[in-house]
Amino acid sequence: MSDMAQATKRLRLARGGLLDLRNLGAAALLCLLLALPFVVGGFLLYTLTLCFANALGALSVSLLVRYSGEVSIGHSFFVALGAYAVAIMEKQFGLSLLLSLPVAVLLGIAGGIIFAYPSRRLSGIYLAVSTMALALALPEILVHSEKVTGGFEGLYVTLVPLPSVAKELQRYYIALAILVVACLALAQLRGSRQGLALLMARAHPSAAEAFGITRGWARVSVFAISAALASVGGAVMAFASSTVSPNSFTLWSSIFLLVGSVVSLNRLTLPAGIIGGAFLTLVPNYLASAGDWVPILYGAALVAVTLCVNCASDIRLLLARRERP
Amino acid sequence: MTVLSGFASDLPPLLWSGAVSGCLYGLGALGLVMTYKSSRVVNFAHGNLAGLAAFLVYGFSNGALLNLSWGNAVLFSAVLIALIATLSYALISPIVFKSDLASTIATLGIGLMLQGLIQLLFGADIVNLDLPVPRFGFSLAGVRVSSYDLTVLVVTLLIVGALFFVIDRTRLGIAFRAVSTNPFASRVCGLNLRSVHLFAWLSSAVLGLVAALLIVPTTFLSSTTMSSFMLQAFTAAVVGGFNSLPGAAVGGVLVGIAMNLFAFYVSPEFMNTFLLAVILLTLNLFPGGLLEKVSGGRV
Amino acid sequence: MTIMADTGAHPLRADGLHLSFGNVQVLTDVSIFLEPGRITGLIGPNGAGKTSLFNCLTGLYRPKRGRISFGDIQLEDLPPNRRANLGISRSFQHMALSADLSVLENVMVGLTLSRTTGWVGAFLPLPASRTESVAANRKAMSALASLGIASAAMMTPAELPPGTLRLVEIARAMVCEPRALLLDEPAAGLNAVETRDLMRALQRLIHPGLVVVVVEHDMDLIMQLCDQIYVLSAGRVIAYGSPQEVRRDPEVIRIYLGDPDD
């Protein structure tokens, strides 16, 4: 038993060490972001707020990739769910973000479940294909339900939760807070019963069934969580950009979310989210003059990172084999 | 009674034109299924490559890039498209055996690049691109049959016939069939997987080119029309089963007819939503045709 | 749907199982009776159908004909997760560990069904979910310790040799305090010390309410460990009895023990 006690101790130490290092990085980043509004202002602040929204979107795709090994190219649908939830709640009931956010979460969960259920037993390609249809169906749904969604024009989001604070600052800090909370919740999920079960179902679906983890449950759960996260991203997006309109929710914007997820290596941490979000927000901003290059750049990044990641594992394997003949 | 007679006079033309455009979705789906069957990659760049092909033909024949005759423009574009298809395959070839997921993501990246290329070369142009066939038409049993319809049918039959001939009769085709039923066994047997893959990717690109050229006259060509064409092709592949070449062709015709009926009787505005519903319903109701890959892994 | 509440002993039995894949007949009229409180060995040459039999018992394969019961409960129509819920647990011959999880976490997967934290607890650090996760941690740790691999708890499967991973696989099957434990080649890849530790752990584990079945190619281990042995060959049960009886069975000697390769 002393062996065990020792191991437990080592475990705690090892874990503490790792946690410290990672948390330190994330905490430093967080401090920087918290302090930033005192240094910069205006456009950069606005861009960063959008970046937080995109970070949530990229994280939602990463979650799907990490926990189920699936790709979605239709997540702009769920982003739109959240964004329009915020806009419509404001237009119809005069409610601001903090009250419409829970609605966005619930809508995202419901949307994710409704969508994933029919394809719960099918292999990844069918899911990818149906998400593509989802992304392409979205604009026509938005445009043709004009009464609710405002059609081509879209809707405005002007309310802010705190009347006495500067709007810009509020937007920035609320978006940041939501992103941080989401990252903490994701960290909690990783160690939870459900998190372990989902990762096992991803690695060995039929073996996982023998431990009571069904494939259908895993597929639908991951999709629902991911869709809810995307929906939160959409809510923040609407709040940050103060408008919603169909042309920000196309097949391409869905694929861009995937790009953001891939360049952050599908990680689920705050820094990774920020990297993904920044890639999606800053690249088009600073390449505005060369707009047509953006898809090429994104495509190249997608291919390059995918190739590198896969070849890196190859090289590591080769090295390991050489060490242990 | 009028409803019924209206139905009787509406239906044949709807079925006919649906079947004609369905042939084109089938051509698109055939390309997708060929790449999927041989290399287990769902090629999301397929539609973008087809779009680029049509744009190239336009650019080469209208003086935007070159000023060639239509036939030469097609030939020239076909060569370029074949080159691009080879290049795209080369790009993903290091990971094609390793991870279906990664290679599928990579095809999305390639699709993005092709899309960017279209935008760079042609901007947001919306162009018309007609087929150089004489215009005529006649009525047959209450259906108007145009020269365009006949062209589509003849070309589709020729292309599909040629494809099935190659797959049925040639060494490459036999290798393709072997690889698509059992990649592992065929590797053991010393078949060259790479050349089979390349064959599939090249034929798929050519099929895309043909489908794009034939479909553009009915609408117009812009840097975004191809994504909805891609969805139609994907739906056809899902309906027919991603594993079956004849299924893709049949699925295309079915989807074409269903879309026409839906547009006429329900609403022309929700085509993509309709296709989404078709995909989800098919996956739910007829998993038998689609389930081949899903049966449990061995443990 | 909670784990069976009573603690009584239930035998696990299969009657007249037939299983085939296409034209390949994998199991033919296989009947076995697995008594609680005893360790049953299942031996047979490669491809005899031992793993397939396990898969039938745990619900991963559906036999074409035949009945399977655990106590009074008929299992044929229950999906794998429901059978797991009844307390049937197993290890896999081809190790089925997740590379993303640490060894400890992999073992904790075995506790999935006995944990009750809901979705809220999955995202928020509620006290209840913390308590449960600490308890699960401790259980998994002691399962690892009982197999002598507690020190590997925080490593990932990629860092460990196959022998240790095999033990992790077994720890995961044991950790949920199952009522039937099916071990598929638990000693494959273990060295002599590990094998001895494994055997001791199994002997400590066995109690009157527990069914244990071990598929193994290591004859010494089987002969020492098991109270009764089934011999499977080409999908049929060809012999059954105590180790001594099986050892003497001429048929078994001919097709299995007498195999000069063995």
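We just call them A, B and C in the order they show up, numbering each chain from 1.
We adopt the following convention: a contact is a pair of C-beta atoms (placed from the backbone, for glycine too) under 8 Å apart; a residue touches a chain by one contact, two chains touch by 3 or more.
Treat the numbers as computed from the prediction; the structure is a model and nothing was measured.
Q: Select the chain whose centre, defined as the mean of its C-alpha atoms, is least distant from the mean of all protein C-alpha atoms.
A: Per-chain C-alpha centroids compared to the overall one single out A.
Q: If every chain is reduced to the average of its C-alpha atoms, which one ends up farthest from chain C?
A: The most remote chain is B.
Q: Counting only Cα atoms for the centres, state how far chain A is from chain C in Å.
A: Centres of chain A and chain C (C-alpha means) sit 39 Å apart.
Q: Could you state the distance in Å from the CA-based centre of chain A to that of chain B?
A: Computed from C-alpha means, the inter-chain centre distance equals 32 Å.
Q: If you average the Cα atoms of chain B and of chain C to get two centres, how far apart are those centres in Å?
A: Centres of chain B and chain C (C-alpha means) sit 49 Å apart.
Q: So which bits of chain A are touching at least two other chains?
A: Within chain A, residues 204, 206-207 contact more than one other chain.
Q: Which residues of chain B are in contact with two or more other chains?
A: 296, 299
Q: Which residues belonging to chain C are in contact with no fewer than two other chains?
A: Counting only residues that touch two or more other chains, chain C contributes 60, 92, 96.
Q: Inside the complex, what are the residues of chain A that reach chain B?
A: Interface residues on chain A, with respect to chain B: 65, 69-71, 73, 115, 118-119, 121-126, 128-130, 132-134, 136-137, 140-141, 144, 204-207, 251-252, 255, 258-259, 262, 292-303, 306-307, 309-311, 314.
Q: What residues on chain B touch chain A, complex-wise?
A: Per the stated touch rule, the residues are 36, 42, 44, 91-92, 94-95, 98-102, 104-106, 108-117, 119-120, 123, 227-228, 230-231, 234-235, 237-238, 242, 269-273, 275-276, 279-281, 283-284, 287, 290-291, 293-294, 296-297, 299.
Q: Along chain A, where are the residues that touch chain C in the complex?
A: Residues 1, 3-4, 6-8, 10-11, 14-15, 66, 185, 188-189, 191-197, 199-200, 202-204, 206-214 of chain A touch chain C in their complex.
Q: Spell out the part of chain C that touches chain A in their complex, as residue ranges.
A: 58-60, 79-81, 84-85, 89-90, 92, 96-101, 104-106, 108-113, 115, 117, 119, 121-125, 129, 132-133, 136, 141-142, 144-145, 148, 150-151, 153-154, 172
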